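Here the chain labels run A, B, C and D in written order, and each chain numbers its own residues starting at 1.
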Amino acid sequence: MAASAALRVFAPEISAPKTSVPESLPPAFPPPLLSTRPVDRAAWIAAYRAVRDETERRAAPLSPEDQQVQSMADASPTKWHRAHTTWFFEQFLLREHVPGYAIHDERLHYLFNSYYVAAGPRQPRIMRGLITRPTMDEVAGYRAHVDRAVEALIEDAAPEVLERVLPILEIGLYHEQQHQELMLTDILHAFAQNPLHPVYDAAWRWPERDGRAGAKVLARGIEAVGHEGEGFSFDNESPRHEVLIQGGRIDQGLVTNADWLAFMADGGYGRAELWLSDGFIAAQTDGWEAPGYWRREGEGWASMTLAGLKPIDPAAPVTHVSYYEADAYARWAGRDLPTEAEWEVAARDGDLGDAFGHVWQWTRSAYAAYPGYRPLPGALGEYNGKFMSNQFVLRGSSVATAAGHARVPYRNFFYPHQRWQFTGLRLADARA
Amino acid sequence: MAASAALRVFAPEISAPKTSVPESLPPAFPPPLLSTRPVDRAAWIAAYRAVRDETERRAAPLSPEDQQVQSMADASPTKWHRAHTTWFFEQFLLREHVPGYAIHDERLHYLFNSYYVAAGPRQPRIMRGLITRPTMDEVAGYRAHVDRAVEALIEDAAPEVLERVLPILEIGLYHEQQHQELMLTDILHAFAQNPLHPVYDAAWRWPERDGRAGAKVLARGIEAVGHEGEGFSFDNESPRHEVLIQGGRIDQGLVTNADWLAFMADGGYGRAELWLSDGFIAAQTDGWEAPGYWRREGEGWASMTLAGLKPIDPAAPVTHVSYYEADAYARWAGRDLPTEAEWEVAARDGDLGDAFGHVWQWTRSAYAAYPGYRPLPGALGEYNGKFMSNQFVLRGSSVATAAGHARVPYRNFFYPHQRWQFTGLRLADARA
Amino acid sequence: MAASAALRVFAPEISAPKTSVPESLPPAFPPPLLSTRPVDRAAWIAAYRAVRDETERRAAPLSPEDQQVQSMADASPTKWHRAHTTWFFEQFLLREHVPGYAIHDERLHYLFNSYYVAAGPRQPRIMRGLITRPTMDEVAGYRAHVDRAVEALIEDAAPEVLERVLPILEIGLYHEQQHQELMLTDILHAFAQNPLHPVYDAAWRWPERDGRAGAKVLARGIEAVGHEGEGFSFDNESPRHEVLIQGGRIDQGLVTNADWLAFMADGGYGRAELWLSDGFIAAQTDGWEAPGYWRREGEGWASMTLAGLKPIDPAAPVTHVSYYEADAYARWAGRDLPTEAEWEVAARDGDLGDAFGHVWQWTRSAYAAYPGYRPLPGALGEYNGKFMSNQFVLRGSSVATAAGHARVPYRNFFYPHQRWQFTGLRLADARA
Amino acid sequence: MAASAALRVFAPEISAPKTSVPESLPPAFPPPLLSTRPVDRAAWIAAYRAVRDETERRAAPLSPEDQQVQSMADASPTKWHRAHTTWFFEQFLLREHVPGYAIHDERLHYLFNSYYVAAGPRQPRIMRGLITRPTMDEVAGYRAHVDRAVEALIEDAAPEVLERVLPILEIGLYHEQQHQELMLTDILHAFAQNPLHPVYDAAWRWPERDGRAGAKVLARGIEAVGHEGEGFSFDNESPRHEVLIQGGRIDQGLVTNADWLAFMADGGYGRAELWLSDGFIAAQTDGWEAPGYWRREGEGWASMTLAGLKPIDPAAPVTHVSYYEADAYARWAGRDLPTEAEWEVAARDGDLGDAFGHVWQWTRSAYAAYPGYRPLPGALGEYNGKFMSNQFVLRGSSVATAAGHARVPYRNFFYPHQRWQFTGLRLADARA
């Protein structure tokens, strides 16, 4: 399968992103509501297959060598993503809920557990790239083994078993979608280390923006935020609760490369007074003088993309900027980043420009528990809660996010120095 | 002056702490309100002298060697604190506002600027301990030179000059008080590295607690927080603004050493499920198995204090715990840390037990700008604003805080791994 | 080709090692003497092909993933070895001596230069494992391209050209053989990181030892050492020069695993008085308690080998020990390591037991220039000379050394902490 | 005591250095030969006092702050040197050989043991600068206590006890002299970190050179090297043994600053082909572009000296150069460094120019055991032997070496990257 074909399935969403969550989801995803009765087993199997296939489609353009590499501690090999998402189903679904399930290979448990301390010891994260066996093809065998067992489970499970396993199946699907995004960001990082500028998909291009200008006014008042209703959500989106919106404005448009070039031309990367202290240290230590993956080409700039090294498009949203850079840019512009609650309230009615499908948008909210938050019980409780320090929330979704995954209350989070995700920003004005 | 005498001046506050801000302040501090007319020059000079004297009193028990040492990057030498606080007045008051002022020694500017990038290059922080000249006594000369000039300025300045300089003088006094606290915490860290367990003040003892039990109910509703009125405040306490208190409860008492020993006995330091991910890594990497400065003594524990190595007092508030430890303890207890707004609202009416004068209390609020916050103009704008990432807010004050310094809206902040301050905690229950 | 077949070609040498240099060399290697006239072009082509084929045979059992991995800074990917040895011929032979030669891909120059500063900038060593493109198969294409050009050059070159290029061709062959050894040691290191214990060659086994006991007496006197005669040598083996042998004895046998277990049982790894200061620090820092790749299995020990994890064979020579360990062992035994000159004089007449084909043998000679040493001119002068500090000389050859490569005056060298080569030791007694 | 007075006692040796070991020693040093009978107790006491006084004279210009600082891991505080040399006598002489000796303070044992593992655990080297207590004055008390006990021991010991203790007393004196040299090099390093350029001794100046030119011819042949006769030596100078001198030449003069400036002007610091690989990495990593302590002053260079920052004297011997730099310089000049044996043979008859009292001279000999070397028994066996890896030998002595300490067979050794000693070079030509 050619590289561009591999991306075709999610390309439609990419090339015509909506201002809010994409509506034209692949027919099979998301799966039915958990509460739907009778359970539509065929629909769950179809959803499962759609997600699993998408992973393989994203991996298809990559050689065994590409799938092996771990280019930094924050990134993981493609092969590892494919195996870890499989382990997730084996560990939390099959091992715990299917008596007599034959573990594919007990030794893989150690290799493909990511960070679930309660699930036992695991391969150190920074050493994921050292595991050459199982090979890419052997991981395909692992996936097939687990797929057969999961599909059989959905098809044949007694109703009371189904009751217990569907919530785990559902979280496994969303979990795998998160790794689908990482597969693209991680391989882009790896390719960016290679002076040959490998191409992931020659047909890849930045989706069109809706290009709305102006700002949306945020009224002062109490608003409810967080997960609501019956659809899927991660535990960190709950409990839904009220917040006081101070009022202010939030831009309809994303900050663009043209905007960013103005910041650079004004000496933005070298002016300490614009930066957080930790941010300026990071910028100096790592020699930042432009967003991630930018390099000088003659008089201008080019950037490493999924389609290889390409000239900077001034109209495209700036991406691969850290929180520190986003914060410095806002200060330079005399503006603010929005809080995550402001973003959520503004996006809720669907008319915030380019909210989804372009770049994750840094907010000025530190990632923290919602009041009364309690993580899931057991090992899955490690999914989100234990990361609630030192990170900032991003909202929206990116060009690399799997179709059907993005939602308004969704809380993404990264450390303020990280730049390898498709991270950008929109500006706001806090009420003075 | 003997060591215990040196502490006598602030010891009264320590030995009889109040439940809110101490009332029996040294007569000379705080200085008059900035708005008071006519300006009471004598009162300002008295306030200046009181603060400057307190610094010297805290330094008095320390030998030239003690004042030289920098035991880690986060700490600074006593001599440096004495010189840096002096530089602050020279740089921001005398150099900028007194025509013809004779700089004491132009070369000291580089050595004793702390982190004011706008004020020019400076000695790298981690190399402060390498500067043996000027000596302790030469720094005393620097202090005397600046004191004469500042006092002359206050006495003789034309009214319109006084108008401009009093706000800087005032911030300089509060700035020096902050360094007075650091002088104690930094020398305690240095002494804790010495197997001889040097004693800073043999008469030092932990102040008595008021020992109130039970919890105070927090009503749900909108409350205003932040600085109000005419008294002094730092820029990060503004603007005063409204927040939505979710409701819940906050304990009257601080977590004690006895409480902490129960956490330890229950394996608290080794149970990953109780910890933030970054926190567990810090605990494992640094080998934490008890609060900072604790060491095993026979069957029990002792701790390095300002009075040397002392057995743990079960009734005393636990201190030298990081945010990570405080957070893990709260999770172990099935409780929460309060937010900084909850703390402020609870403390405002004065009846939160042991709020001041014992230990700074970690809140679960990441240190961030209040909505509409704008830093001071110029180099002083670097005072607070540029640290608004990766840190958590602490409220109250500690046994080492200078008399007259603590206030209800005061926002202290440290990184979540830091333990060398007098940091402890009180628990709360967030509304579920 | 199956893994064990892949090793068959060099296996005969391995399974029946001689006490000195193996005699039954592959017919085609080594090539004719440089001075032989007329030049036997066919013999040179045959030698070239034999060496190039051996590289591919060693790579054959390895998957694309295996060939991609770089498991530490000291090791390189198999794919890199295959490409770098090819670059060596392209750079020093074809580019410089074949007008009109079409560079295969100019961009590979940067990627596959190892450390020749004079040959231009290059991929940082620690980032060799990040280069996923060219793939394993594309590297095969690179090899074929260069092979065609080299063979055509040998076949068709005018005699005066041949005169110039044969010395470079010859060094290129020996260079490639050195990388053949590294291919095995590097993949063993990578496999040793994998808890699945991958097998490189299931049929691999340790060659038989001749098992001679006793010690050979070294007479006091002046002896000539270094390269002599017309055969190939590296520049660091010259000039041949006289040394004063102090006299003493040198063991016929290698130190075995059984010997080493006695050292371990006697607390050897924990007794500082047996170790060099730098060595004890290395042992403590890295947690050494046994040779490299050893791990506890029940009551005993197993070791990672090219055939996977295998129980320790007490009779086999100990290997994967650093100089620091070898030195500590000798001190524990009340013996010495030989100097490189002592080793050479003892081995010269061919009756030093197990001198070749088992383990490289640490000497107590720091790697240094022979008196009057001058490196080759140009970039090839960087081959050996610039490493003459901080390393120790090893003599003999190992089970992984290519057939025909070992010679008595050969000087191998590694840093004293390194353990991933097949490094062992024999003891001696220096004259007191 | 003023700074320049403090140096006066050893200044005579400095200002009129001899071509071999200085003859006009202080009357009291060295002590009598160990074999002299009857034992001249008064002479031993005089020698002891002379050495102990010299330590105090070197410390006298330094403030308590100066004596406290440790400016890098390789350096130690002055106060530590004063206490450690005292501990050496207390530990190896008094504790072991004087029944009923009252240890001054048992806790100092941990603080002032340097690296004698056999003598028990000790303060980590890099944390010596954190120990502010005992103070400078308290260390003086420690010295006085031990001095009284040592002098009483010499005066009163029974003859058979004296027999046992005099060899330890003697090594203790030479040991203290080694630390006297380190006191100067370590404080110079500390002062060089201070932008105020503190002055240790305003009267300090570089001693005059004898300025001989030309080279001395080394005959080929067998020569004996190492310690001979009855005088003091360190264990690493034995056994005396024969070596084969290859022949060649060795310069009478030291390489000067003028020579070095030519190397710099020719791009020496940036030309990889001149450097050892490890050396070039060190030079690039640490940003070397001139010898240690040099800094640009206008169009020229100045250097931090014991007299403060001074312009470079072209005629003075270059100093504060690492082995890597010395090696690169020799390669640039098309010359060699001598071996330590060549140096010793050339210096033996006393007519090698400026051999002593200027700069230690790097040789190209790795520091290793002489054939048959056995260290002293017990903890003192750690004195020299355990450092025999990764270091190079230097010969001669420096401007900072204590009077009476230097001898022809003396072997000094440092790591090839170290520059804070007074290290320079003379060139040679190895026989080709």
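Heads up, the rule we're going with is that a contact is a pair of C-beta atoms (placed from the backbone, for glycine too) under 8 Å apart; a residue touches a chain by one contact, two chains touch by 3 or more.
These numbers were taken from a predicted model, which means no experiment stands behind them.
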item	value
Neighbouring chains common to chain A and chain C, by label	none
Per Cα centroids, the chain farthest from chain D	A
Distance between the centres, which are taken as Cα means, of chain D and chain B, whole angstrom	46
Interchain centroid distance [CA atoms averaged], chain B/chain C, Å	61
Centre-of-Cα separation between chain B and chain A, whole angstrom	39
Multi-partner residues of chain D (each touching 2 or more other chains)	none
Inter-chain touch pairs (all)	A-B, A-C, B-D, C-D
Touching residues on chain A, where the partner in the complex is chain B	115, 117-118, 222, 239, 241-244, 246, 248, 272-273, 275-280, 323-324, 327, 364-366, 368-369, 371-372, 374, 381-382, 386-390, 392, 416, 430-432
Residues of chain D defined as touching chain B within the complex	63-69, 71, 79, 107, 110-111, 123, 127, 129-136, 190-191, 193-196, 198
